[in-house]
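One chain, subunit A, appears in both complexes that follow, with subunit B as partner in the first and subunit C in the second.
Right, the complex of A and B next:
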């Protein structure tokens, strides 16, 4: 235990110094506009230290790695966001603070996740909520960046799909815990189809992929049925081909992936600018402040990984991917150690959705797979994504703590 | 839920593969795709290059002895200005950069753009040294294979004429001089862009590499090569030249209609007798002639750092076409550089070396060589034996008392050469001369064309002679 905390605080020290050095450099290079910026910047390291020690105190057996790794990811995000659009820094720090708070809250709440399981008509409620959230943007939503998946409240932009992701996973886990017959799976397939329909109307390809892939993976994990999995993958390919011919925006994405040079000033401008940035970085990067990541469109949200590639090089990019790998590994551990099937399925669903999202956006901006607009969790600018990523990890932490809690109860009973 | 934990572990495997796939692809991208991406023509859309260019003092272009030909200076307002120190003589070879004149890109400035910006050989140590030692960044210097003295002489010889001169080293392929006239002053390109680009004489065209001309009698080298390679017994043929020959009812006259009488192959080559070579061509057949022309690359684009035109050699159809082709008339069109390479095959035991213009690229501060050209073979159209026989014929064409290229003689140096007087639809014939010297150990090949200049032996040969003499007696 001692040893464990020692290693942890050592890692936090590194996170701290990276932040200090990077922001000193950035402030020399790009003078902060007002004192606000400086105050908020100073607040960030204090925030992560408070969070770290609170976590050690409150959840001695919790997933402390989540805190260390998200501190690192959010700080990399802050560094790049200040680098490309300084005005967004304060907002992002506020979102991170809210995120950490929600992490603790969801950790506590999800310790009692069996209540979610026991809730009467739970499945119906969860799926209704999911569809309501997703559908809300169709009716009240605004179209930003080509996809109609935003709601606005007094200037605050919210992506309901981020919350819907988590509720949908709870639905899936509950459903698959009890219903695994072929007819059940077919019904589930139809429900998924309806959700995909909403995404297609919103032109949100990234989310459509995440929901679909997570569903297929969870069906596989709970039923061990390779036929369902194969049918799932087959339908995905078929659906892809059909929508290629049916929907213009799908065709553009796939064509831009196959041949990014076909229309550089137009349709493929984004991906080509992203590739130029990655190429400019090379192995070691141009160095912080020395590149031109601001040439990439929507760099602070979808393309933040390309900016990291440019200024931190392949080394920095691989470091980020490895951090996500460790988070994925910890998430899988939580799923494996979960006390019951429902907990295991929720944990698996959460970490699958998370990992797929990371893969989708990184793979997209480096042109490994067709580009779809989803955010890079913890790094990209954006409130909804930031907050819900924290909730995801908080819930995983809670599921891990559930086990501990029961052990304690067990000991106290005898 | 049986196998739940096993399935979750499988899932871990799947995600691990996905994540390491990302790392593998990024690594692959940086190793293989990166350079291609930065150098690709799509880099026009890469604003980084344009920004960097503004900060970097563009490198200089120098001749083979280190004499500066083009350099950039910083103006009072901080902007850069390109100065061409030997403007008109080098205008088409050096060309211009889009980064200076926005509208276009050509020549060495285009071909070695990245080098001049200091963007190749991204050795971190060199970059660091540049950052520390130089205020701002400086691009790398490009050293050409061209000899400024020779270039200036060639330009002077060509002044007032239309045409081109190419001089190269047959053993390495290094281009020693490349002149195209009429020329323009690149220092005024900024102000006079439109006039220069639309000039009726097409001054921006590099006639040496992009001008397409009928080769005329210079092509007899190729016809001879075909004879010696495919039908050697024709070499021993004699022929009675009446001053004209009738092919399929068409009368083709010799130059000036002179009847040479009975002559053998050598005499016919020295005198450049058209009737003889037409008869030889008809005996040889179109297939043989065509195949030898292809061996010499007369249907291809010569590989070079700067733009070259694709030579034109359509399939020979019919007897008249064959007759015309045998003497380099008809539909064939070649660049002066191509004909220099034909002569260089004869000079270099049958091997054509790949021509090149860049000797090396060096970092101006440390002098470190960043890129260096190495000689390599381009084509091997004929055997050494055939090359030696043609060489003797070419020596005769210059040195025999009846030779058409007598004007290229230099006391004390054996010059080998072949003249050409190419009929064309634009007026007086084009005057051609290709040759090399010293014949025993060729150091320089020269190809000269003067558009509508008249007789090759009278107009082009003396120019080649002066260039060869200057190069070999310096």
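Right, the complex of A and C next:
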């Protein structure tokens, strides 16, 4: 255990030195206008050290790796955001601080996740909440960047789908815990179709894919029935082909994926700029401030991975992907060690949603799959996504803590 | 001009630091997997039925109960699903009752929480009597 924490502290020291070097360079490059930027920047390393220390103290048996990895990812995000759009830096640091706070709160709350299971009419409540959250943007929503999935409150933009993801996973876990007959799976399929319908109306393809794929995965995990999974994948392909002919925005995305050179100044501008940026980076990158990631549209949120590819090179980008793999590994480990079926299903759902999101956006910007607009968790600029990614990991930490409570008792009596 | 040179040099430093960080992260993962394997290591201690029916080898951490998940499965209606757990600490072995219905007895005395067990101690779980052999 001792050596464990020592290695963790060394990793945190590396995070600190990356921070110092990158921000010294960027301060020379950007010439910060006010002192605010400098103060907030200095607050970031202090924040992650406090969080690290508190985590070691409060959850000695918790998933400390989550803190180490998220501080690295958020830091890479901050460096890139400050590089491309300096104005967003302060907001992002505030969101990170709120995120860490919610991480601790959700860790404490989800230790008692069996209350979520015991709640009467739980399934009906969860699914009603999910649909209400998703439907709210249809009625009050505002269209940004081609998808109508935002709500505005006095200038604060929130994406209710981010919260709906977590509630939907709790619903799925509760439903699949007890009902695994063919009839039940068909009902679940119809519910999922209704949710997909909402996303299609909002033109939010990325989220539609995430919800669908997570449902299929969880059905497979809980029933281990290959037939359901095969039908699920078959329906996905069929749905993709139908929507290719029915919806204009799906067709644009898929055509841009198949042939990005057909309309470079127009429809395929984003993906082509992203590919140019990745190519410009090479192995070691152009060096901070030496590339031109600002040519890519929406670079601070969706395309941040291409910007990292350009300025940190292939090696930096691969490092980011490896960090996501370690988070995935920890998450699956939490699911395997969970104390009951419900906890295991919730953990599996949370980590598969998280990993699928990473896959969707990284695959999208490197033109491995058609591009859809979801954010890269922890790295992209965006409040809702940042906060909810922290809640996801916090819940996983809580599920992990529950199974270890017995051990804590043992230690104290011994 | 100077900035360009500094950025060119420092990009290698940054990549180096990022990979040093990754090395440490994977080292923690490695230690974690090794720790989990450590729990499954077989020790020299044994647990056998008093009537000599069967003998079990003990791991570093061994769970006993009626449930299939336990390391030692005892099919008796008086044994709880997860009845007790035996751990090795240093050279000594300790048994802990996991809030079982019928309790755990060492040499006829009901234990509360954790108790040390010695060679040839008789452990009673429900209606099953086991002998601990070091």
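In this text, the second predicted complex is superposed on the first by the 405 of 414 C-alpha atoms of A that agree within 3 Å, B and C clash if a C-alpha of one lies under 4 Å from a C-alpha of the other, contacts with A are read in each partner's own complex, and residues count from 1 in each chain.
Convention: a residue touches a chain if its C-beta (ideal position, glycine included) is under 8 Å from a C-beta of that chain, and two chains touch if they have at least 3 such contacts.
This structure is a prediction, so every number in the text was calculated from the model and none was measured.
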{"item": "Clash or fit (per the criteria above) of subunit B with subunit C on subunit A", "value": "fit"}
{"item": "Touched partner set for A:366, first subunit B, second subunit C, both or neither", "value": "first"}
{"item": "A:282 touches, of subunit B and subunit C: first, second, both or neither?", "value": "first"}
{"item": "Partner chain(s) touched by A:329 [first = subunit B, second = subunit C, both, neither]", "value": "both"}
{"item": "First, second, both or neither for A:17, with subunit B first and subunit C second", "value": "second"}
{"item": "Geometry of the superposed three-chain model: angle at subunit A (Cα centres of subunit B and subunit C, steps of 10 degrees)", "value": "120"}
{"item": "Partner chain(s) touched by A:29 [first = subunit B, second = subunit C, both, neither]", "value": "second"}
{"item": "Touched partner set for A:69, first subunit B, second subunit C, both or neither", "value": "second"}
{"item": "Which of subunit B and subunit C A:89 touches, first, second, both or neither", "value": "neither"}
{"item": "Least C-alpha distance (whole Å) that remains between subunit C and subunit B when both complexes are overlaid", "value": "7"}
{"item": "Residues of subunit A at both interfaces, subunit B in one complex, subunit C in the other", "value": "284, 322, 329"}
{"item": "Complex contact set, residues of subunit A against subunit B", "value": "177, 180, 217, 220-222, 224, 261, 264-265, 269, 272-273, 275-276, 278-280, 282-284, 291-292, 295, 309, 314, 317-318, 321-322, 324-325, 328-329, 332, 335-336, 341, 344, 348, 352, 355, 358-359, 362-363, 366, 368"}
{"item": "Residue ranges of subunit C in contact with subunit A within the complex", "value": "3-4, 6-8, 10-15, 17-22, 24-29, 31, 87, 89, 94, 96, 98, 113-114"}
{"item": "Residues of subunit B that touch subunit A when the two form their complex", "value": "1-9, 11-12, 14-16, 18-19, 21-23, 25-27, 29-30, 33-34, 37-38, 42-43, 45-48, 51, 122, 124"}
{"item": "Subunit A to subunit C touching residues, read off their complex", "value": "3-4, 7-8, 10-11, 14-15, 17-18, 21-22, 25, 28-29, 65, 68-69, 72, 284-290, 311-313, 315-316, 319, 322-323, 326, 329, 406, 410, 413-414"}
